[in-house]
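Each structure below is given as structure tokens.
What follows is chain A paired twice: with chain B in the first complex and chain C in the second.
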Partner chain A sequence: MKTISVNGNSLKWEQNMTINVIIGKMNYTFKMLVVKVNGELIKKTEYDMIIIPAAADVRIIHLISGG
Partner chain B sequence: MKDIIIDGKKISVKEETTILDAAKELNIEIPALCHRPTVEAYGACRLCVVDVNDGRKTRMVTSCNYPIRKSIEVNTQSERVRKTRGMLLEMMLSRWPNVDVIKQFAAEYKVTKPRFIHPLVDYSSNACILCGLCVNACSEIMWEDIIGFAGRGESRRVVMPFEKHYDACVGCSTCANICPTGAIKMIDDPNQPADSKRIMKYGSKIADEMVLMDEEQCDMRGVGTAHLAQIMNDYDLFPTCNYKFGSHKDAGGLHSDVFKQKYITQGLPDGCWLGCSMSCAKTVEGYELKTGPYKGDKVLIDGPEYETIAGCGANMGIFNPEFVLEANFYCDTYGIDTISFGTGMAFAMECYENGILNKERTGGMEFNFGNEEVGLEALHQMGRGEGFGVIVGQGIRRMKQIFAEKFDLTKKQIKFMQDIGMEAKGMEYSEYVTKESLAMQGGYGLALKGAQHDEAWLIFMDMVNNQIPTFEDKAEALHYFPMFRTWFGLMGLCKLPWNDVEPADNAETDEPAKVPGHVEGYVNFFSAMTGKEIDKHELILQSERVYNFQRVFNYRLGFGTREHDSIPYRSAGPVTIEEYESRAERYDKQLVEKWDYDIKGKTSEEKRDYLRKMREADYQKLCDAVYKRRGWNENGIPTIQKMKELKMDLPEVLAVLKKNN
Partner chain C sequence: MLKDEFFSKHDPGIISALRSAVVGIAGAGGLGSSVAVSLARAGIGKLIIADFDKIEPSNLNRQQYFINQIGMPKVIALLENLKQINPFSDYQMHEIKLDEKNIPIIFKDVDILVEAFDKAEMKEMLIEIWLSHFPQKPIITGLGVAGYGKNELIHTKKIDNLYICGDEQTELQEGISPMAPRVGIVANMQANLVLELLLKDV
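And then the complex of A and B:
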């Protein structure tokens, strides 16, 4: 089974997987995110466009908010 | 998406995008005097006119407020467009001949001297050109309507109501800052900053971010901190039934949308800080109380904030928004902290469900989770100073003592109370589940004043992002963030504009979690206010001096050592079998992968006990690392060397440290 790493956790890779697909699978509902795929910064406008390759290192960094 | 052509260049844009914005994406510049992205397009100056051909006819429109709804062809430089702009600029120049911004635009259209003199000519270089930016900014950025237009035609002017000074204006300077000519000036700044322009620059940056990005980020203007309720539930961090669990199937009842759609009535600046563009506090009007001394009265309620929703809701096993509102109102009215009330009640409820309390001990009240009637009755008892409510009102630390002294409890029951009593240093925990974030356990346990998250909120960095995996990484975060956040307290500044809205380019910075753009803003604010130049390192140093002094102060009073940095085990892991089994997959995985523990054939009790042993040891290792990073000895006491480095080696401080070191 091919996988990707999301914040250090293993996730099953699928064809045509985008950042928004990963965000949905991880149930990441927080909005202030910084996304990097193999070290490359991905802009918000590209979350539906960039296709994630198998074995990719995906970092979906949640920033801090709240009192 | 719509395909359009501007000056021969093709572009595909979202429907409703304005021509001006579409042109910007193609790097085509269209002149505009009265347009800013932060206020709604007004079309006052009309300099942004362009020709639009929709396939049927060509007409001239203002590009700033023309929404693209079909495929069109735009010409921004046609002869009649340039001629129209030239004529407009000539008319403006004839009325305001010395205003720089008009002179510059006019020169681009070869207009240097108008052919006529306007009857209302104003030779001032700071003349008001009636662009309307100040009026719209007051209304749309600040949610005020303190200035507006009066008069028509040649008598049109910007005024406060009845052309008198209006006390509601607090001098936030938004209008002065957006004015393109300098017609509005700050003439009286009671704070007398060393450099008010520099403050305005950084203040307006936050205001712009709030207008342009808040709705997509935290929606602080729309719902305030309440937006966190659903997020915390989604990440299993929403304290439910005294922090036993982090989510609940009924948590949707406490979703911020519920409060926004059904209860919050005022979309106005809240008065927490006049002139604040974040305006995160919310108000519920005309709420009819169901209990207590004001039963039947319609009242105004300030809130609820996230902590109140979680503490006076889910943590007590209650998911009814009206209970939260009623508790919010009466806590405010009686002067009771909603966090201490919620967390204290949750503790008492769990004690009741485990036989430590019973009806006889609570004065007849059934203290089960979810019992709304009892929740409010206990609150009213606290307010009246009578009954069992008075005991709950003294807080968890005292409740533990009182229950142990007054009731015939077993050793096991007393230990159970220590494990589930969510307090540290005598202060009740605020409303986050910390079990899966060791760094956040430290954030609570190592905070000087007690279990509050406002020194460091590290759950996402630690648990979700896995950004700080080692003890040293966590210790670094538990050095930087408490020092940075202490600084807000030192300055009397709100910290929400630091991280509840973030700059558009924050993701591209080297340390997005620190929000470097806003750290720079605070550094500049300090320098501009005081006239003393500092940098971000000096900011941390200012806090470190005070923070270490406070730690020594705690120590002098018999606290401020490792023993007092301890946390209840509920904060670090599952106390009960019910808790362990509710997240068994997670805990089993950790036991195997992190601690190489053979779970085969083990009971939940054995696994829970081993997990506890490991997690409690980790917490002590975390304390070791944090003490070292902060320059404290192994008992958590600042060293004399550290106080010397900070230039805080005052005789009184040294006397305390020498006596005991």
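And then the complex of A and C:
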């Protein structure tokens, strides 16, 4: 089975997997995010466009208010 | 003479690296004003600081301002305070609301950028702009600073050139407000990390 890593957790990889698909599978509900895949920034406008390859290292950082 | 005395407690080996450093601070509220004070005391050569806000009485619960500065633009008041602490560094202040157009211009010469905004959507915008324009330059964000206690949850994390300081979970909400100790801890973790990154090859 091919997998990807999402914030250190293993997730089954599927064809045509986008960031929005991954967010749905992880049940992430937060809206303010920074996403990096294999060290590269994925912009918000690309969450539905870029296809994530198998074995990718996906980091989804939840931005929260306060400062 | 006073300048030499100011630096007399600094390790001589690190002074030139500190003096040649340029650090950006985006926001001059709870995080930003405290980061600025610590980095001024550390003797960073130049700080570039931007904020559009004016000081309100409620800011004094955690921000590095005083009663007689209420109503002043934060960057003007902060400049006064930094000069009182360390008049030997260079401070470039911008009274402006940061956006995707002006961020790459205002902060283009910094070695490291400190993200010190309050609102999550501003943090998101700044980090995305920074990583797309300057992926080779570190950015240090403060995430999860509200409330009090829970020292053990506060940490630092590195994701390539994006560094996170905070607990990454305590959000502002009804009943959880930002307070001086926890905001100050995270601000000083950001400032401490700035020094570590600047001095890692010294």
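Brief remarks on what is shown
Quick note on the criterion: the second predicted complex is superposed on the first by the 65 of 67 C-alpha atoms of A that agree within 3 Å, B and C clash if a C-alpha of one lies under 4 Å from a C-alpha of the other, contacts with A are read in each partner's own complex, and residues count from 1 in each chain.
Convention: contacts are C-beta pairs under 8 Å (C-beta built on N, C-alpha and C of every residue); 3 or more make two chains touch, one makes a residue touch a chain.
What you see is a predicted model, and the numbers here were worked out from it, not measured in a lab.
Superposition model on chain A: chain B and chain C are shown in a clashing arrangement.
Once chain A of one complex is fitted onto chain A of the other, the partner contacts of A:Met49 are absent, as it touches neither chain B nor chain C.
Touched residues of chain A, counted separately for chain B and chain C, are more numerous for B. By the touch criterion defined above, A:Asn27 reaches chain B but does not reach chain C. By the touch criterion defined above, A:Gly8 reaches chain B but does not reach chain C. Of the two partner chains, chain C is the only one that A:Gly39 touches; chain B does not reach it. Contact with both chain B and chain C is seen for A:Ile61 once the two complexes are overlaid on the shared chain. The clash between chain B and chain C in the overlaid arrangement falls on one stretch of those listed (6-14, 78-86, 330-338 or 438-446), that is 438-446.
In the superposition on the C-alpha atoms of chain A, the part of chain A touched by chain B in one complex and by chain C in the other spans residues 32, 34, 41, 43, 59, 61-67. Residues of chain A that touch chain C in their complex: 32-34, 36, 39, 41, 43-44, 59, 61-67. If you check the complex, the residues on chain A that touch chain B are 7-9, 27-32, 34-35, 41, 43, 59-67.
Note for the complex: chain B touches chain A at residues 216-218, 225, 228, 230-231, 234-235, 305-307, 453-454, 457-458, 460-461, 464-467, 495-496, 499-500, 502, 506-508, 512-513, 515. The residues of chain C lying in touch with chain A in their complex are 27, 29-32, 116-121, 123-124, 127-128, 131-132, 135, 141-146, 159-160, 162, 164, 168-172, 178, 183.
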